[in-house]
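Questions regarding the structure given below will be posed in turn.
All chains are identified by letter, namely A, B, C and D, in their written order; residue positions are counted from 1 within each chain.
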Amino acid sequence: MAIEGSSKETRQEPIRLGMVGGGSGAFIGAVHRIAARLDDHFQLVAGALSSTPDRARASGRELGLDPSRIYSDFREMAIREAKLKSGIEAVAIVTPNHVHYAAAKEFLKRGIHVICDKPLTSTLADAKKLKRAADESDALFVLTHNYTGYPMVRQAREMIANGEIGAVRLVQMEYPQDWLTESIEQSGQKQAAWRTDPARSGAGGSTGDIGTHAYNLGCFVSGLELEELAADLDSFVPGRQLDDNAHVMLRFKEKDGARAKGMLWCSQVAPGNENGLMLRVYGSKGGLEWTQKDPNYLWYTPFGEPKRLLTRAGAGASPAAARVSRIPSGHPEGYLEAFANIYTEAARAIHARRNGETVDPAVTYPTIDDGMKGMIFVDACVRSSKRNGAWIKVGGLGDGRDNSAVAG
Amino acid sequence: MAIEGSSKETRQEPIRLGMVGGGSGAFIGAVHRIAARLDDHFQLVAGALSSTPDRARASGRELGLDPSRIYSDFREMAIREAKLKSGIEAVAIVTPNHVHYAAAKEFLKRGIHVICDKPLTSTLADAKKLKRAADESDALFVLTHNYTGYPMVRQAREMIANGEIGAVRLVQMEYPQDWLTESIEQSGQKQAAWRTDPARSGAGGSTGDIGTHAYNLGCFVSGLELEELAADLDSFVPGRQLDDNAHVMLRFKEKDGARAKGMLWCSQVAPGNENGLMLRVYGSKGGLEWTQKDPNYLWYTPFGEPKRLLTRAGAGASPAAARVSRIPSGHPEGYLEAFANIYTEAARAIHARRNGETVDPAVTYPTIDDGMKGMIFVDACVRSSKRNGAWIKVGGLGDGRDNSAVAG
Amino acid sequence: MAIEGSSKETRQEPIRLGMVGGGSGAFIGAVHRIAARLDDHFQLVAGALSSTPDRARASGRELGLDPSRIYSDFREMAIREAKLKSGIEAVAIVTPNHVHYAAAKEFLKRGIHVICDKPLTSTLADAKKLKRAADESDALFVLTHNYTGYPMVRQAREMIANGEIGAVRLVQMEYPQDWLTESIEQSGQKQAAWRTDPARSGAGGSTGDIGTHAYNLGCFVSGLELEELAADLDSFVPGRQLDDNAHVMLRFKEKDGARAKGMLWCSQVAPGNENGLMLRVYGSKGGLEWTQKDPNYLWYTPFGEPKRLLTRAGAGASPAAARVSRIPSGHPEGYLEAFANIYTEAARAIHARRNGETVDPAVTYPTIDDGMKGMIFVDACVRSSKRNGAWIKVGGLGDGRDNSAVAG
Amino acid sequence: MAIEGSSKETRQEPIRLGMVGGGSGAFIGAVHRIAARLDDHFQLVAGALSSTPDRARASGRELGLDPSRIYSDFREMAIREAKLKSGIEAVAIVTPNHVHYAAAKEFLKRGIHVICDKPLTSTLADAKKLKRAADESDALFVLTHNYTGYPMVRQAREMIANGEIGAVRLVQMEYPQDWLTESIEQSGQKQAAWRTDPARSGAGGSTGDIGTHAYNLGCFVSGLELEELAADLDSFVPGRQLDDNAHVMLRFKEKDGARAKGMLWCSQVAPGNENGLMLRVYGSKGGLEWTQKDPNYLWYTPFGEPKRLLTRAGAGASPAAARVSRIPSGHPEGYLEAFANIYTEAARAIHARRNGETVDPAVTYPTIDDGMKGMIFVDACVRSSKRNGAWIKVGGLGDGRDNSAVAG
């Protein structure tokens, strides 16, 4: 082993956490719980893990919750926990998308921090209301665009911000999967069922489920804002109600004197791709390439020099990467660690709030605005595709008023 | 070494070859000569290697040509060689694009087979005239879309034709390079100068130079015909006259009950990409992935099974791949071998002609029609981009009359 | 996301865990704590984190331990915790190697389960005493040869046991690193200092630190027992007291009618290798290849067929891999998850003990015997190298009496 | 395309080449012919392609040879061609190993340059005689250790000679194949039959066929001389007469104050390995890694910096690599091009001889001494293995008198 343990932060009492959704058998709930636990910054103490009382109770017991803090109604949980002396300080919302808004607002308005799965909501209307709720609340709103938690993603962002690839010209994003190649939603696969159902997922299928991740990653790393997009969406599988493949061309707002362009491809019908999120960014002075399935590597080419393989915690690792790394280079960290990094960054912010301190400016996590941007992206993709791939302008976030995408 | 030499074809007298263009210092001329020589099917006996007499003479001597068969005017060469008893049987045309048509027609009309570099011509008007000339000639017209010569590309095409990935849904093509990241055409780099000059290259920059390769490859392997495209072209480098990056969305004609879509990205400003031609094709039953820089591999995923790494001449190699392989698996063949495969396929056809035999139906090489399709592709990209990415329909090839792209 | 959460086991009260060693700044202590926490099977409640009282106290507070359960003497901790009604049920020993034996025996003799870092001890004499202590105790002894926790390592082992590569002929192990390329132990790097110090590490340098991992992995996956070895050890860095590179040839005992051979290379002076543990096993019917830095992949070649890339939780994942996987394929799990798998397997065994149940035979973790084998391996390497690479037979484990390596 | 054609050498008349062996169906004969032809430096004009007259005639006709220069006896060919005014200047010997010596000496003594396949001969006794014949002749003797022709191999050698990785400590060589996993020599596979037959191959099986390549590559790149080795050879396949797997430990002579060590593994029974020649060299300041199946890449790690992926003709390509490259980076060159580089280097030397000039010191090809070293290596492996892996010293080449390996 080559490195010493990372410099310790002062020990803080773990944050009391509740969870909405995530009962037995839910994939993403288990992921959130591991992520919350990994760095020992959170303690799960309450839950509305299901809206079905029996299932809520069984799931809560399974997780060792105090029976008095097992709920089947998130509103009741919010009300009661807000009154408890040692009630929850934060809540993780891991329900299907259409419940996000209703749940989040109950906690936000009671000053309980919200850590919410993506995409933000199932409709743009809900998203706008949720943004208002978040803006009006003192509590933090953290969106788990977990891929931004990977150390080499942080490093790519930092390198671009430092000008190491010059002015960005190209942002190539892709996120192919293959698990919906066949019509498994019709044979009762639960994950497939809700993710292909407009009522529970919203207007976007692959665009909402994974396109938002790719788009968020592209913006996060490049530091660019989208100006407009043109999209061509498909449902290749007969009978599927939502898109399972999207081709998108993007034009970004001017920055550093360049107007970058990009492409985004997301698909759930590309056999051989398990979870192929990939980002490539090219500028006037160099290029960066990262792929999620091999997340400890970042390819960096300063133009005119040999390609370099940067590794997590290895030679050339930047401060932004180092602060979200746990173990030495060559010992791979993965998806759960990246997810935990979002939780740990949230914990740092929450601890600062608790202690009346300013949050360290290095603390980085996806916010309500990232969520809004994702919703606007999905909305714009759907609208562009309906208009045969016409270019759709997406404005600022603001409150949605001066925003053609939102207004559209 | 694990395999015996491949079954021998009967020895044929080498084909007498002339060359137009390709004087000293020209990259692609040297490639054509190696390709012609590799399998010993051609003998270079005449050349109009440059239109500058001194340079033509020096270049011809360098190559050991008989001084009486060194020309500085391709027309003169065509006329004289056509009259010689042992005049050239075929000519390789390796000039900049704008000379292709004028040169090719002189040989075609005298019954001399033409092997021509791509893209077909610099203008669609020339392309249409060249198609007419080729159609009216008894001589063969072979276009060196050399990437179709790679064994694993042949295998991919054969597997798809055999239904091994089901109905094709997606054709993802990309061809990033980085050598035009900076404005080297302004500092006298010769290759850059003519390739970024509309007068010599035509309307397409990266689209013509490399986009046509990617598009040709996608069509060749998938067996699909394009229906329409929407393109967004850029010249990121200030002062550049032709596109150096293109984002294209594609819709193919229906086949096997599916209407496939695709994306094509070509770029000459993506640092870290030397010659990154890649093709990925996904169908209802599986996926295939190939990348030019590692050409001896083909990734194949039958949906629901583990990914398989097929190798040239290895276990699982198909007949179509085997017939264009020279050496056992694990011994990499590369770019020159693939290029030589085009020449060797041409030789097989020429030998058959010479012997009054039918050409073996397995013989495969890019034709005038592939060249036309490439020209139509470039034209459609340029027109779509000028109309802000509007969808442009591309019709059949025919003679260009019933073809909106050609007519447009 | 493609898969449902894995089938739930019934909730068990977390196991009360103590820790010896692992104070602030110790790399491996932090790893053990994350591993223990990840699946929520352990709760750290006591610690002798340092033998220096002040440091022990500070480290304990940092981890939120009850001050009454912070110790600076592991013996005192063992005595007192054994008497507490809710004293620790298990202890993690994460000190330098020379302390393992003394610490472990105090807990073993009081019926407290021991989870101990590798290598087993610093001397073969200590190892034999520790084996006796473990054999005489009712408590479990778990050695954290963590690389056996990777799902694809489990799968490789299962495939070989099932005969999928036929009779094993070759076991090629390697574990190159580069962090000791220069003499950093002389400039005060703490990790380097104790790992290159015979008094704290034992007779083996790279052989003990990483060679034991590679050897353990080779035996674990192949299911073979070593018969003899010949080794050539070096200290390339001037002044270094222990080996920093080892070349070893191995002969295994007959199995399935074949006598397999192997090579093992471990190095800490191979620039460009961060943590390059790799295992390749070849049999009469196929081959398997795995590398730690890309742990979610396993290459499998049935002889005469194309190579297949098996992925964690992907198509072709075996039961042995699936039971130690948390998340869907394409979402990489890494080093910490594999380490946690050792803890979780230990927890399953401890829970069974607690409940008076039989341990599920699928539960798999490295034992005292694996530790003994590692010590015998190091001892044999050192002895062989001293005798100019003579072959050294290693006998059975037994009690060391009938064992030439132990007796030697 | 990014680069101009490489600077031209002055045109030389092609060298008149004869061939011994390589009749129809012989794999390596066809490879030599392509290699000789690729750069247009040789013209095949005579051949004793088989010792069976009918087969010799048919093979010669197949290749378009003048019937008067088709022989079935290499001695006759040597005698007659030596007398012809335009007789052959060089001969390629591509027979099974046991014929190399007898054939080569006939040409050498008549001043005809010899290009000979490896290994040098089938016995050490023959090798010594051949060395004497080569030393006494004015003609050149070139051994086709073709892997030294790869550009990135040349670059690795140059970088090490320039001190870029410091003093070499480790040379790790491996060459696994799988084609002899089963006993195909007993079912009549011709290549397998002679390569596993001591009478035709010599004392070494995998050691002679591929081990010599790996060993030659390790010495060529590292610039080191072997001092001694210890080997463990096996024939895993029942009934096989020669080794099909070898594990070897090596100690090199001191250089730059360091005594490097190495391992060599060659195998023909490792399923999943087609032609897995790999070389890794580590020094006090950096490391280099190259693998034959991806030959256009060279991994370079300056210690303490990120790994760099050097590419053929790419950024960072060295002069030694550039002079044996034909086409721009990103366009893969392969096995045949590397093989042709040996021929082209030979041609440069032969041209210099012909013109009475000094050979450019940059010209590099394997010589009779490299062949001797390979024979000594095989001999030492076999002797060590028979003595249970005892270390065998290999002395200088000299004339074989002061050389324990040769004398032994």
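One rule holds in what follows: contacts are C-beta pairs under 8 Å (C-beta built on N, C-alpha and C of every residue); 3 or more make two chains touch, one makes a residue touch a chain.
Just so you know, these numbers come straight off a predicted model, no measurement behind them.
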Selected pair, out of B-C, A-C or A-B, that shares over half of its residue contact pairs with B-D: A-C
A-C or C-D - the one linked by more C-beta pairs in contact: A-C
Equivalent interface positions on subunit A and subunit D, same or different at half: same
Interchain centroid distance [CA atoms averaged], subunit A/subunit D, Å: 55
Chain centre separation in whole Å, for subunit D relative to subunit C (CA means): 43
Distance from subunit C to subunit A - Cα centre to Cα centre, in angstrom: 35
Contacts with two or more other chains, residues of subunit D listed in rising order: 273, 300, 307, 311, 314
Touching residues on subunit A, where the partner in the complex is subunit D: 300, 304-311, 314-316
Subunit C residues within the subunit D interface of the complex: 165, 169-170, 172, 178, 181-182, 230, 232, 234, 236, 245, 247, 249, 251, 258, 261-263, 265, 267, 269-273, 280, 282-287, 289, 299-303, 307, 388-389, 391
Touching residues on subunit A, where the partner in the complex is subunit C: 1-5, 8, 10-11, 13-14, 24-31, 33-34, 37-40, 61-64, 177, 179, 190-191, 273-276, 292-296, 311, 314, 326-337
